[in-house]
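Below are structures written as structure tokens.
The two complexes that follow have chain A in common; it is paired with chain B in the first and with chain C in the second.
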Partner chain A sequence: MAALDFLATPLLDYLANGLVLSSIIVLGGIGLSLVYSIAGFANFAHGDTMTVGAYTAFVAFGAIGAVGSGVLGLPIGFFVALVIGVAVAALVAVITEYVIYKPLDTDRIGLLITSIGVAFVYRAIIRMEFGADFRRYDIQAMRPIEALLPYEVRITPHDIAIVGTAVLLVGGLHVLLQYTDLGRKMRAMADNPDLARVSGIRTERITLWTWIIGAGLAGAGGVFLGLYNQLSPRMGFSLLLLIFAAVILGGIGSVYGAMLGGLLIGMTNQFMPALPNLGQLFPLVPESFGIPIGIQYANAVAFIIMVLVLLVRPTGIAGEVS
Partner chain B sequence: MVARDSSGQRRRRFLQATGASLLAGLAGCTGGGGGDGEDTTTTTTESGEDTTTSTTTTEDSGGMEYTIGMINSETGSLSAFGERNQRGKDMAIAEVNEYGVKGGTLNIQVEDSESKSQPGVSAAQKLVNQAGVPFIIGAVGSGVSLSIYESVIQGTDVVQLSQNSTGLGLTEFPGLLRISPSGRSQSVALTDIIADDGYDSVAVTWVNNNYGQSLADAFLNNWDGDVAFQNPHNQEQNSYSNLVSQMADSGADAWVFIAYQQGFTTMVNDIFSGGYEPALYGADSVRGDVVLENTPEGSMEGMKIVTPSAPVNQDNYKEFASAFKEEYDKEPTSWAAFAYDAVITAALSIQAADEFTGAALGEVVRDVTRPEGQQVTSYAEAAEILADGGGPSDVDYQGVSGPIDLDDNGDPKGFLQVLEVQDHAYEGIDFISG
Partner chain C sequence: MVDFEDYRENWASMSRTEQGTTVGLVLIGVFLVVALLSGALAPAYLAFLVGLGAMYALLSLGLNAQWGFTGLINFSVAAFFGIGAYGTALMTADSSPIAGGFNPLVGLVIALVLTAILAILIGVPTLRLRADYLAIASLGLAEVVRLIALNERQWTNGSAGVRGVPTFFEGWPVLETLPSTLPSVRVAVVPGSPIVLEAPFYGAFLDLVVVAVFLAVSYWVLRRVHRSPWGRVLRTIRSDEDLAEALGKNTYSYKMQSFVFGSLIMALAGVFAAHLTRFVAPGTLDPITTFYVWVAVMLGGSGSNRGALLGGFVIVAIREGSRFVNDVGALPVDPASLRLLVIGILIIVVMRFRPQGLLPPQKELIWPGTVDETPTTIDRGVRDARVGDTDE
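Now for the complex of A and B:
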């Protein structure tokens, strides 16, 4: 019974909600980390690439319509729209790479500032087309799953779809990196681009694939962010800060670090309500113990955790000493 | 701020020092333009407070033209309000000039604030120092109104009447009048409604800025029951499920939201997907079609929202609305009604005052709107009483935006409508005055 009592606290609910937010941050974070490791700069347009994916899916879903009943409260048409959103986000990133980043003969800082400009341009175009107002996909919102309510867990089938798809995509990326030729070349290039080139790897092609994979995952993250919350021109940009925290915390350049960092940052955000009454929620903690801090400081807490981790491990959790 | 203040001060001192001739010339411009047979005399003294401008017109002239200023948000973030103000102002001028003001006509020189403080202050300096107007209607945003007051108006006789500012802080500046009620009246009304609905425990959250904080303070000060949860939230978060679960864990009966549309929409979706069904209450800022469109049907059923409103059931408002619709082919907003009443109040002050100066107008501007005196609902009726020798306290103008009744702090008596969400639409269920 004691175990069940522990389950009936809000902690499980925080955990479940933390998983959902983490999934979206991880999808955004992996792309940011990949592009950093191979293209060599912190891409500030990454958040707005997520927005591009979300709005593309919005348009595509409007054109396709629901098509059949689908799974987990999401019609088949939505998954088709998801694929289109991912494809367009990747395409936009590749075009940007060829038109802007590649011809620019500048250093990392120059590219970083350029990417901020690119972010503004993406956002401006979306705002011109769709206005500054927010909107949602035309999908019926869902109530929490009844079977989980006795455990105080309040998540909808949509949340499960977000986590499930994210796990699939991240698993797929893991297989790609570890077991395919492309993956080995990508890892080689991330380690040492010059050595990779002299070994006969066509680094240009690898860079192209990096952009496709990174921006595609960001597009998927954006589509789910729109489903989780709503679409607005600033949606991706306002999440970018947390994504950066996750990526740097995990060790920038490391895909697995980005996954861990994303999980930690998402959980931190959702576990904020637990901080003021830690004593009542956790065993072995004095009953009256708590950190009196409101949820409006969630981002500050996330960054404090980031700094603490970096103090202990300067390269981040999974970062390698270069 | 400091730089702006000192430049305003400098300009004023410069003006005062330059003395009578310059001011006389300026005032002449203001009063002039009415016809050939005009004889304008102006006297002024060194201390700005005693500035007097007297203007006489001969009988056979075309009448005086009384020019006052208006600072509006023609561009910038509040330009939507500016457009509504423009329509209300145009209708009011037409009505005033149909009857006439003190035998002459009313003219309003409009300047753009760009919805920002610095351009707003420049506009006010232009109106006061160059055009020499004794009465300014302005501005829209509370911050802009306050900057204008502190940098240009304070310490002079010029009357400032804001058409749209609802910030709570403006109450502390009695010299800064406004026609739109303070947001405080919303908070007070919310506490009364929640208590009347029989709830004695609330969870309150507010947007983490000056607006949210001041409305929340007013709410919490006026709430006698239990406060189970109170916490601000940041705008534009991607999730408020942590906030929502905290509000749920608090066990409060009624949840109160002083939030903006986008954040509130996320919260409603998080409440819905969390399976909670609390009694919801909100300030005006959570209301909007965009909120209805982006929240599930039935997710806000029974929510009550307090919103500043024109008394839409009153005859004078109905007349105003139908005239407005004829002119612009759309329903008026309460902002147009505020601007309309601001112009009417200014015109009545001119009619009631002994002379066309800031000091004289400032003496009567409150009295023409508040009790003691006959309640009148149109400019013509009120001007009739004043023209027949009635004093400012013989008139109690009832505006199309509410009873007005400017108090000693320069605030009007708020007129609020209570809306309830029924079948995923806002339905007016009650009006609250004061």
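Now for the complex of A and C:
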């Protein structure tokens, strides 16, 4: 029975919700890391690319309507809207690359600063169109799944859809990177762009694909972020720092590092309520032991982890020591 | 007519953009004077606007000392602005949960001390990082500061903010009551819409004096420092940190000095803002301030003090302009979105077409004495030898 007692603590709930948030952060983080490794700069517009995806899906879903009952409480129309959101986010990123980043004659810092301007333009246009208020997809909110309630796990079918889709997308990316020609070329270019070019890889084309994949995944992350919370013009930018924290923790430039970092940061975020009473929740920890930090500091803890990682191991967990 | 000749010579020695900027500034000045004389613009509001411009100019000067001089990508400007504001507000306001009721001069000193401590706390872990990591880390730590101000109610009143901050001259002899004792003056340049100078204007004018003193002192110090041996080391670090190290300079220490120094100037802006609006809330720490100031510095020209001055006032023009456009109803867009759009486009356009900014540092960096003997007309580039003196 002791094992079951342990299960009855809120820890499982934190774990489940951590998985949901992690999925969204991972979707955002992969693109950020890909763009960093191939385009060569920290893209501050990445969060707002997520917002673009979310609002596109919002409009598309409004136009398409539910269409059938669908799976996991999400109508078919929503999945169509998801695809449209992904496509538009990728398209916007590609246009931005061609119109704005490519003609620039500047270094990585100049690109970083420019990307802030790009972020503001995206957000301003969305704000002009939809206002600063919160929006929701026109989908009935779901109750937590009954079967899991005895274990104190409160997650909805929507949450499962988020995690499931994220796993599918990440798995697809893994296959793409490891087993396709494009993936090999991308890895080669991330490793050493000059060597890739002299080996006959068309690096421009690879950069283009990087933007499409990175922004597409960010778009999907944005759509799910809108489903998980709600939509607002600031939603992506607010999450951006957490995504940076995840990517840096995992090792910036590494796709698999971004996945691991996203998982850790998402979990940290959701396990915050456990910190003040660690002793009661975990066996083997002294009963009165706890770290007195409230959940309002969830993001702050992530940022401090990020700074510590930068100090102690700037290459992150997955990065190799240079 | 001698003066006129001087101006002509000066004009000829300016670069194209300098001439353009001068014309633009003169036109705006004329426009403001006309608006003021015709009664369309209340004098108190004009004083407020100029004060606000000076505040942004101070922030820009501070960032310029970090980014323009040393090349530190500091994205925590809002945190230093905020801690300056909170520092003085918590010492002087009635509703302060900590101390309250002190003379604003005490507030100023405490604010500066707090800022120096915060700058060191942020600087110690981040200044060793590579440039793009510094950007991300400083933005993250600024957010930590904002979360603390928002959540530690026992120190900051939380989201309710600190109300009842006195004016800067509270508790001073004469100056404290000056605005209400000065006579009310009416001047009617255009019949029917007189300009009224009374207590609100005098109050705003006194505020303006405060920020003007802050600005003048900072500007003077920065100009001296920029050309000093210390400033030269900073500029070396910016262009090539390895070189500075090879020359035996402790670059980390210099970067820290530059970081703290710039942050103190930003805190001056915060102190002024707290006494101007008489209220400080966590919104003061919103990261958007950071990006406003970045636009100001980049538009003015990274490394250029007068560019930072100019940029500060341009930001106020954008802020107030977007509100004005909305009031007039020319564009059915809410001012905040418009402002965001303008700022975003400005960043992109500057980076694309003029990355060095409008007024890049050129003759700013030359000691006046060193070029006195050179002929007065030189090719474009170094230009007039004595312009250093008249540099505004």
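Just so it is clear, the second predicted complex is superposed on the first by the 314 of 322 C-alpha atoms of A that agree within 3 Å, B and C clash if a C-alpha of one lies under 4 Å from a C-alpha of the other, contacts with A are read in each partner's own complex, and residues count from 1 in each chain.
In this section, a residue touches a chain if its C-beta (ideal position, glycine included) is under 8 Å from a C-beta of that chain, and two chains touch if they have at least 3 such contacts.
All values reported here derive from a predicted model rather than from experimental measurement.
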| item | value |
| --- | --- |
| Fit-or-clash call for chain B and chain C when the two complexes are aligned on chain A | clash |
| Partner chain in contact with A:V285 - chain B first, chain C second, else both or neither | neither |
| Chain B versus chain C as contact partner of A:L168, first or second or both or neither | neither |
| First, second, both or neither for A:L195, with chain B first and chain C second | neither |
| Chain B versus chain C as contact partner of A:A63, first or second or both or neither | neither |
| Partner chain in contact with A:N17 - chain B first, chain C second, else both or neither | first |
| Partner chain in contact with A:V118 - chain B first, chain C second, else both or neither | second |
| Touched partner set for A:F41, first chain B, second chain C, both or neither | second |
| Chain B versus chain C as contact partner of A:P103, first or second or both or neither | second |
| First (chain B), second (chain C), both or neither touched by A:P314 | second |
| Common interface residues of chain A - those touching chain B in one complex and chain C in the other | 294, 296, 299 |
| In the complex, chain C residues that touch chain A | 73, 125-126, 128-133, 135-137, 139-141, 143-144, 147-148, 150-151, 291, 294, 298, 333-334, 336-338, 340-341, 343-348, 351-352, 355 |
| Complex contact set, residues of chain A against chain B | 10, 13-14, 17, 21, 24, 133-136, 140-144, 149, 154-156, 158-159, 225, 228-230, 232, 234-235, 238-239, 269-273, 294-296, 298-299 |
| Chain B residues within the chain A interface of the complex | 208, 231-234, 236-239, 241-243, 245-246, 249, 262, 265-266, 269, 272-275, 290, 293-296, 299 |
| Of chain A, residues touching chain C in the complex | 41-42, 100, 103-104, 106, 108-110, 112-114, 116-121, 123-125, 127-128, 131-132, 241, 244-245, 248, 294, 296-297, 299-300, 303-304, 306-308, 310-311, 314 |
